[in-house]
Amino acid sequence: MWQAFVNAITKLASESGFANITYLNLVLISIALVFLYLAIVKNYEPLLLVPIAFGMLIANLPLGGLMNPSLWDDPISFEAILHEGGLLDLLYLGVKLGIYPPLIFLGIGAMTDFGPLIANPKSLLLGAAAQFGIFGTYIGAMALGIFTPQQAGSISIIGGADGPTAIWLTSKLAPELLGPIALAAYSYMALVPIIQPPIMKALTTKKEREVVMQQLRPVSKTEKILFPIIVTIIVVLIIPSAAPLVAMLMLGNLFKECGVVERLSDTAQNALTNIITIFLGLTVGATASADKLSQPGFGLQALSIILLGLIAFSVGTAAGVLFGKVMYKFSGGKINPLIGSAGVSAVPMAARVSQVVGQKANPQNFLLMHAMGPNVAGVIGSAVAAGVLLSILG
Amino acid sequence: MWQAFVNAITKLASESGFANITYLNLVLISIALVFLYLAIVKNYEPLLLVPIAFGMLIANLPLGGLMNPSLWDDPISFEAILHEGGLLDLLYLGVKLGIYPPLIFLGIGAMTDFGPLIANPKSLLLGAAAQFGIFGTYIGAMALGIFTPQQAGSISIIGGADGPTAIWLTSKLAPELLGPIALAAYSYMALVPIIQPPIMKALTTKKEREVVMQQLRPVSKTEKILFPIIVTIIVVLIIPSAAPLVAMLMLGNLFKECGVVERLSDTAQNALTNIITIFLGLTVGATASADKLSQPGFGLQALSIILLGLIAFSVGTAAGVLFGKVMYKFSGGKINPLIGSAGVSAVPMAARVSQVVGQKANPQNFLLMHAMGPNVAGVIGSAVAAGVLLSILG
Amino acid sequence: MWQAFVNAITKLASESGFANITYLNLVLISIALVFLYLAIVKNYEPLLLVPIAFGMLIANLPLGGLMNPSLWDDPISFEAILHEGGLLDLLYLGVKLGIYPPLIFLGIGAMTDFGPLIANPKSLLLGAAAQFGIFGTYIGAMALGIFTPQQAGSISIIGGADGPTAIWLTSKLAPELLGPIALAAYSYMALVPIIQPPIMKALTTKKEREVVMQQLRPVSKTEKILFPIIVTIIVVLIIPSAAPLVAMLMLGNLFKECGVVERLSDTAQNALTNIITIFLGLTVGATASADKLSQPGFGLQALSIILLGLIAFSVGTAAGVLFGKVMYKFSGGKINPLIGSAGVSAVPMAARVSQVVGQKANPQNFLLMHAMGPNVAGVIGSAVAAGVLLSILG
Amino acid sequence: MKDALNLAIIGTTVVFASLVLIIICIKIYTAIVAMINNRNNKSINKNNDSDSGKGISVHSTTNVNSSSSLDGLSPELIAVITAAIAACMDSSGAGLQVKSIKRIGHNTPIWNVAGRNEHILSKI
Amino acid sequence: MKDALNLAIIGTTVVFASLVLIIICIKIYTAIVAMINNRNNKSINKNNDSDSGKGISVHSTTNVNSSSSLDGLSPELIAVITAAIAACMDSSGAGLQVKSIKRIGHNTPIWNVAGRNEHILSKI
Amino acid sequence: MKDALNLAIIGTTVVFASLVLIIICIKIYTAIVAMINNRNNKSINKNNDSDSGKGISVHSTTNVNSSSSLDGLSPELIAVITAAIAACMDSSGAGLQVKSIKRIGHNTPIWNVAGRNEHILSKI
């Protein structure tokens, strides 16, 4: 009996995580803990980074069987996933099937006020200009020569400064990079107040930054209701592959603005978005497990993603500001170029940065509302950009 | 390079929706916009019609790939749907598998007070009589000769004046008509205040309309708790095929009345119902796409559905009022026949119409509560009727 | 035509539940009604027992087709379940795939304050000791000779006094006993205030019961944030098979304590937990249908489960109290052994029982907070025990 | 067409049969409930004493027998609400939209507050 | 690399094209809305009378044409909020976090309250 | 039966081993936290000055080091709650059901209010 006991304990011990943990697991666990620290103590986009980092943590504790990366190799058998999948595999179905990001966009749409954009439609140009961060980075990523076009496209979408869009595109083009790209996207979004100001100051004169913009006109309820319907029709007609993101974003906004379905708007913003955020974050984080990331050359790829993400944000910011300067010229000095940087999205952080930098140059300067226009335009812009990338590379 | 650019743009343009939109798409988009207008501006059942109309809109913007009707042809392969389905295909699983309507009934049950019905059980007869709108319309639909029995059954259930019941039955019997039938059902429910009063006035004398009914007795908590349990047992024993709807309706009501699971009652009424409503409306609307509706003869069918739906509502109203007149006679003038029209369900609109018409005849007349009895009885009645239709035609 | 009518009615009647109900159905319906009574009138864990009992009720009304036990025989085909499953089969997927119990643990984690445990880590020993109720019962169940090891393990987990853990383990080891085990687990949890006090009084002296424990130190936010992270790492490393339960419990707690994701914490506690509770209860109850329970020898098994469940609770309580006495000795009389009984979990009932029994011995005695330590430790302890059982028997 | 007529008759029959059966059951069980309530009301004083010595009962038993459709609202509150509804009924028959009178349930988990309470108690 | 550059140019073109098209549409439809609103405002007095006799209208039609981004908040409330924001803006440029001004919607199902109302009405 | 006994012993061992390991870790990390807190408290005055010039910090960092299980409730509030609990504890040992002391989180999206604020600011 003693022997049996010893045997059983030995078997349990050999099945325990202690016996099976790898060096790479430890590295990834450490990274997960750093992200937990950043999310909780430094307030880096905690709503997503807490679940993502926790997912990364538990996926790297060996043998939990919570997620089995081998199930997701092509060709995928859903019957096999249902038979053998762990908890996180099953929740990950919502990512793989492209369900979670559009539903989060539904909630974001129900939280977004497009009023400033409708009042000043030219803002959309700034939201378009800032997407050059995406396409510029794509060229850079391809130039490195270590990424497939699909991977390069997924990395470049970090420059969209929009988490769900990045996750949605990456899960379709390069799911093997989902973890690192999501982490980079949300980290840089949190770092917007650090990254953007130096670029904005370097590219503008004090006189430009001091420009006080004209009060936006009030926008009627009818205009706000028509906006999501019209944008849906235009964008889906031009670039059908962006339909899941844009249509859901606009449906959420229609719920908010139409004023007759407050129940649905409220649930889309809260219960639904929160549930999906938990599942999305946890499973996206869990893809960053040692099982998946141990292929050769991954370290170099990871470093490149970090670098390229920074480039993407910087280029996007610069493009937005420079386009803002063009509009400053054409408008005869009525448009403050600082609102251009808000075009990268990162709602509402980037708009606040415009406000802060503008107010430093001129304490009477309230750019927040003017910057919200390019800011929400950037969300539409990067969804369109994601649609283009998916259409060409998918 | 210029050539490559032109080629790529040409390819994108040929893949865009502009190049692929059909005449029927445009017609259906216009109809969707009309329904959005009715829902938002005219308050036609906006909770369902906003999502349905938006679903119809985006499903008719070509190539979005949000919904692929061909995946739903018999025999259905769920593995294929998971591999190739768009966002709306995946959400439509909840309709096809018959999950959404019962869950909405759970929420409706948690919102419904059966007290007036328990206080005056004879109301159930009126709730039964009004279902003649369903069966009368079935005869009419078959007489037209352009519908299969399954289609005729699905159309006639419009007379049940109960959206989830209509969607549930149609998704099982004639999914190809789901979009038009759902639109007709919710539209006519919104039109109850227009459709019913003339019929009610035509069939009753002023003296009948002036009848002030006796105050309902208070109903004890115990009676309210026992009601959903007993109704579940009876109805599921008699007509098992109605079980998903009736059992969920009654479970929701038990949550509400038992007083010890307020958490569950609250979530059933709000978060759960709202989430399902969004998914249900969006996907039901999306079934009304040109891909699906372009078979020959569809235009005639659609017109017939509109006509038959109106007949169904009218016959149901008339049957309820006429049965109310019978009860007026038998009760020695104690029952106001106007409460009979509320038996079609369309909760709580039809009961309010009884109140309004009654008050017009006699300003001291408060029929609302008395009409709530037949009104909620009509919900049970049409669920039973749907069970019969499914059992015979399914 | 009259003949056709008679035929159709006869067919409907022969398809009705009245014609097909069995003796065992009636017994099980009666039991379901008794549990509804206990849940609603006697407040026996109503949040779970109302849905469980209602599920049991409707699954025993014949021919509703809500649940088809034959679909769940090995080997399971999920494609077949999607094609032929009833409403409850489809919702039961969340049980079978092991999704619901971890998500409920997420909500429980977000509701649990581990502060008292962190302030007095020795409480964990009491939470460990009380798990002897599980393992002691396992020996007893095997000794009876009528259960497989998997069934014995599932029955013994009733002693964990933790509903979701019991359901999770049973759904994996012995799904054929899911209904009875869930009913027994929740019933005994509700009976904790009846079962525990006599055992506690029998095993302790009045002097021991009178011990007033020292005020717990305040616990800092940092300590509370680190706790879930550290426990996840340790437990998942030692016993990976417990990962789904423990990781989700701790993620929920991290949401609660980190203070930066209140949205997620709120939804995890409310909307998500409530939705899952409804689906879990309903489908677990529905497994207790006559179709499934009619195999020979089941009556004896059911009675054994009732008996063994009581033994499990009693042994667990006794083990906790006895270990408490050991700690009383070693601490020089500073620890009140009454807090040991709280180690069985049954949060927060068992801790309240410690409070009540302690206060009876000494009106100045406030043990509640001290008993919360072992109480929440018991949740972790039984999750670990479930992991061990799954690892050895699974 | 004969089939269609047949289905219509069967359907109407089954709907009426089901709902009549429900009527009968309601009549029966409400009569039973009323009977039990009457008996209980008579014996309620006696039971009150014996119950209190019954031992531990962590939750107070919900009083499911009290016949009240008002969930224990105070008369003052009812008066206010009544006035509001009356005003509403006068002005318009159709726009009748009264907000629900309901108490919000408190579902806060008790063990959430344990640490706080203990801390507070020590200051008493 | 040529492909990459190509994709970048195409992408930028499509993004700009889409957003410019949206700009054009916004300009057009806001102009139309403004035109209709102006016309409506002139004829609003006339319509008010004819509308009221139109028959049953259970829900009052939502006034979608009123141009207000403030959802009908009273001036006093706005003054209070304004002061709060101003204070906030002074002290810090970055920490700008204003709570939303919003009315909570009431979605209580009307038929929940039916039993209660009836009971109450009988006391009037 | 030998197998069963074996499993019981192993199970108990593993449960105890896990929970003892957790005890050890709690002891270690709480000691570390306490040490860091002590050090921080000493140097807190110095840091306050240097921090304020650090540049943009959009969210104020959550003060995770403060040792408080009361989440910053004011003493008056605690007094009220204490009284309530004390009253409750006196009357009954078993029915102890205190409502949670909690602040409702505000998760209103900031960009919802942008239009309103801007409009308001222009009136200042």
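A, B, C, D, E and F are the chain letters, set down in written order, and residue numbers restart from 1 in every chain.
The rule is simple: a contact is a pair of C-beta atoms (placed from the backbone, for glycine too) under 8 Å apart; a residue touches a chain by one contact, two chains touch by 3 or more.
All values derive from a computational prediction rather than experimental measurement.
**Student:** Could you work out how many touching-chain steps separate chain B from chain D at minimum?
**Tutor:** 1
**Student:** Starting from the Cα centroid of chain A, hunt down the chain whose centroid lies farthest away.
**Tutor:** In terms of C-alpha centroids, the chain at the greatest distance from chain A is D.
**Student:** Fitting on CA atoms only, what is the rotation between the copies chain A and chain B? Please report it in degrees, nearest 5.
**Tutor:** The best-fit rotation has an angle of 120 degrees.
**Student:** Select the chain at the greatest separation from chain C, using centres from the mean of Cα atoms.
**Tutor:** Result for max centroid distance from chain C is chain E.
**Student:** When the centre of a chain is set as the mean of its C-alpha atoms, what distance in Å lies between chain B and chain E?
**Tutor:** 29
**Student:** Give, as an integer number of Å, the spacing between the C-alpha centres of chain C and chain A.
**Tutor:** 39
**Student:** Residues of chain D that touch two or more other chains: which are they?
**Tutor:** Within chain D, residues 3, 5, 7, 9-10, 14, 56-59, 62, 64, 69, 89, 94, 96, 107, 109-110, 112-113, 115, 117, 119, 121 contact more than one other chain.
**Student:** Quick check: what residues of chain B touch more than one other chain, meaning two or more?
**Tutor:** Residues 8, 12, 40, 43, 78-79, 115, 193, 218-219, 225, 238-239, 259-260, 263, 266, 270-271, 352, 356, 366, 368, 388, 392.
**Student:** Spell out the residues on chain A that touch chain F in their complex, using ranges where they run on.
**Tutor:** It comes out as residues 1, 4-5, 8-9, 12, 40-43, 111-113, 115-116, 119, 193-194, 197, 215-216, 218-219, 269-270, 347-349, 351-353, 356, 366, 368-370, 372, 375-376.
**Student:** Mind pulling up the chain F residues that touch chain C in the complex?
**Tutor:** Touch residues, chain F against chain C: 1, 3-5, 7-12, 14-23, 25-27, 29-30, 33, 37, 62-69, 89, 93-94, 96, 105, 107.
**Student:** Show which residues of chain A lie in contact with chain C when the two form their complex.
**Tutor:** My answer: residues 8, 12, 15-18, 21, 29, 33, 36, 39-40, 43, 46-47, 50-51, 54, 57-58, 61-66, 78-79, 82-83, 85-87, 90-91, 270-271, 274-275, 277-278, 282.
**Student:** Would you tell me which residues of chain C are touching chain F in their complex?
**Tutor:** Of all residues in chain C, those touching chain F are 115, 118, 121-122, 124-125, 127-128, 131-132, 134-136, 138-139, 142-143, 149, 152, 193, 218-223, 225-227, 230-231, 234-235, 238-239, 259-260, 262-263, 266, 352, 355-356, 359-360, 366, 368, 377, 380-381, 384-385, 388-389, 392-393.
**Student:** Touching residues of chain B toward chain C in the complex: what are they?
**Tutor:** 76-79, 97-99, 102, 106, 225, 229, 232-233, 236-241, 243-244, 247-248, 251, 254-255, 258-261, 263-264, 266-268, 270-272, 388, 391-392
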